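Next up, some structures in structure tokens.
Each of the next two complexes has subunit A plus one more chain, namely subunit B in the first and subunit C in the second.
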Partner chain A sequence: MTAKDALMERYQDLLSVYLKAKTETTLYKGQQFSRKLLEQQISPEDLVSLHIQVMDQLFPDMSEEMRDSFDFLLESMIGYGFAYREHQSLRDKQQQLESEIEVAASMQQTLLLSDVPGFDQLDIGVVSVPAKKMNGDYYNFVKSGNSLSVAVADIIGKGIPAALCMSMIKYAMDSLPEEQMKPHLLLENLNRVVEQNVHSNMFITMFHGVYEPESHKFYYAGAGHEPGFFYHAKEDEFHDLIAKGLVLGVSRTTTYHPYEKMIEVGDMVILLSDGVTECRTSKGFIEREEVVALIRKYMDLPSQKIVENVFQELDRLQGFELRDDFTLIILKRLV
Partner chain B sequence: MDIQSCVEVRNEWDIVSARQLGRNMAKELGFGSVDQARITTAISELARNIYLYAGRGKICIEPIDQLGRKGLRIVALDNGPGIREIRKVMEDGYTTSGGLGAGLPGVKRLMDEFSIESTVDVGTEISATKWLR
Partner chain C sequence: MNLQINQDQINETYELKLTGEVDAYTAPKLKEVMLPLTETKGNIVIVDLSGIEYMDSTGLGIFVGALKSSKANSSSLKLRGMTERVKRIFEITGLTEVMDIESGVKGEAL
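So, the complex of A and B:
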């Protein structure tokens, strides 16, 4: 017995039972049956045809008008069959696209993943979560000699184009010579790469900093990036970590200002992407002070715990629907 | 019944004639009512395309027998503007006449075999086959 014959037999059973007793139970079974039909991709006109065949068997003396009306119904169902099959084919295509994006996203993860290096003097915490499948935020740690460099970047734009662009930035950074690790020079170099290679409607903001453990100095520069925070333990105060500069990719000749800060024991450097400060709740955008308050709430914990807790609270505030890629990094001087 | 029968398509009435021709032949060949309806729908779509985009052309229906395997073939011919991007018209959702799910991809799915040849400014030939099961 073919699957189709089995379906027909089942439909005939259900229909004859229903015609005798007209119970809700049988109607419920009929509804369940339609799921099975969908599972087996039976199109609407096939179901109508099934109905006609069953009716023919149950009522061999059916009136001619009735019989003809079924033919008319069948013809009228063909359009639905058309639409049903198109829907199936589009759904297949969508699944295929989704799995391709899935592959691209995991490839991006592997490409861009930056291990958080072990660094004795600093306690480092990182959380970076994409709003969609692919992350338009990028962070990178590089240990070179004794010093540690950290970069956070954000593409203006989301999704796949942003992610592709980010991959380019990573390779541009990897290929820069080490002596250019001075943040403002590094930004100048990257700016030229972006200006040359990225379409003029795409911009990249970036913060780059280098910590030198001997001098306990943090050198940094910024290209239009969301300011981070600096926590000064001695005063127990948070300040904005401002680094002025034009976003990457606007003009080939942009220069960047070098900044530096003494980092004392217990001080924290907090870097973020605008996905953190542009968290939107029902009351509107959250304020930077609220981010600070959250950090303060957890600041006695290890850095990784702080960033995770802050992320979880902000995620919950937004109803677990991130609107923008979210990256938060904390560096705390231990010794 | 071995001879190909054709209907000239110049107006909407001719679409009905083409359907009638296809239905008669499908019935004679022993196609069930669902397949009859599918075949006539495919004919409608192809004939409508001729009427809407080429202005005139013809629909030919022929019974086929390949090593005992029986079927029906529809051939739609026109000397219209031709199709510049066949790949595009074969994409789902690309239809200029606004019909949901209709168009050439729909015809392709209704039938078992489908082929299209088109030359810009020369014309289009579409052939679609349904096998008797």
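So, the complex of A and C:
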């Protein structure tokens, strides 16, 4: 017996039981049966045709008008049949797209993956978690000569356009000559690339810094990025790490201000994306002071443990539902 | 949360009063109303943000797009009545330097 025959038999049973007893239970079974029909991809007009066959068997003496009316109904269902098949094919296409996005997302991760470099003088911790499949936050570490450069960026706009834009940033950064690796110059260069190449609603916020181990100086500049924090060990105090500047991609002629800071033993540079400070809980937004309090709570641990613990606590406060991509980076001077 | 947009017009001056949130979900609605107004030469578009408690970066992007459009089309775009939270993100992103923003910030309380 084919699946279709089995369905027909089942339909016949249900219908005859219902016509005899007219119970709610049988009606309910009819409802459940419709799910089976969908599973077997029975289209609306197939069901009407099934109904006609069953009725023919149950009532061989059915009046001619009744019989004809079913034929008419069958013709009237044709439009629904088309809609049903279109729905089927759209669903197939959607599944195909989703799997392609999966592939693209994992490709993006591989392309953009930045290894946290081993660096004797600094203890580095990084956590970067996307809210959806594709991460709109980007971070990058590059060791050049003795110094270490670190970038964190947030691409506005989510999903695929943001991901494509991020690849552009990565390759633009990779192709800059070394003398332009000074943070404020790097931002100026990137800004020109971004301004020419992104959609008018899109922009990028970015923080870029370079640590020079000989002078223990941290050079940095910012393009509209959420300020990080600087922990000054001697005073045991956290300060905002302000680096003012316009976001990338708004005005071609923007220039950026160079900043620098002495980093002493035990000091920490903390970089973040706005997903960290835009965390929403049932009680409202998480304030920057609360993020600082969390970092303070764990700051005796290695940097990687600090960022992981802070992320876990913030994630829990949000009910484990990230609204925005989340990136937190800590650089702590060891020696 | 939703976004409500009330529009007034006197000659070439359009005033949009926004209430609610400008985020990834409501931003397209704002763009649909605001962007065409900036595309006509000589238009003055004033956006009152005093009813906005939350704006995310996608929302900010709509204002960046409108700013570029107003420059390209010789119209003007003015923002006013920002709450502290909204003002902060315009400040951090440096947009306060390039946008016409009327001073006189209203507090969080509405």
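Just so it is clear, the second predicted complex is superposed on the first by the 244 of 335 C-alpha atoms of A that agree within 3 Å, B and C clash if a C-alpha of one lies under 4 Å from a C-alpha of the other, contacts with A are read in each partner's own complex, and residues count from 1 in each chain.
The rule is short, and it goes like this: a contact is a pair of C-beta atoms (placed from the backbone, for glycine too) under 8 Å apart; a residue touches a chain by one contact, two chains touch by 3 or more.
Everything numeric in this text was worked out from a predicted model, so none of it was measured.
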Touching partner for A:M55 - first (subunit B), second (subunit C), both, neither: neither
Partner with the higher number of touched subunit A residues, subunit C or subunit B: C
Touched partner set for A:A223, first subunit B, second subunit C, both or neither: second
First (subunit B), second (subunit C), both or neither touched by A:F203: second
Contacts of A:F82 with subunit B and subunit C, given as first, second, both or neither: first
Partner chain(s) touched by A:D46 [first = subunit B, second = subunit C, both, neither]: first
Which superposed partner A:L90 touches (first subunit B, second subunit C, both, neither): first
Which of subunit B and subunit C A:L73 touches, first, second, both or neither: neither
Subunit C-contacting residues of subunit A that also contact subunit B: none
Partner subunit B, residues of subunit A touching it in the complex: 45-46, 49, 52, 71, 74-75, 77-79, 81-87, 89-90, 93
Complex contacts: residues of subunit A adjacent to subunit C: 154, 156-158, 199-203, 205, 223-227, 244-247, 249-251, 274, 278, 285, 324
Residue ranges of subunit B touching subunit A (in the complex, touch as defined): 32-34, 37-38, 40-41, 92-93, 100-102, 105-106, 109-110
Residues of subunit C touching subunit A in the complex: 24, 31, 56-58, 60-62, 64-65, 67-69, 85, 92-95, 97-98
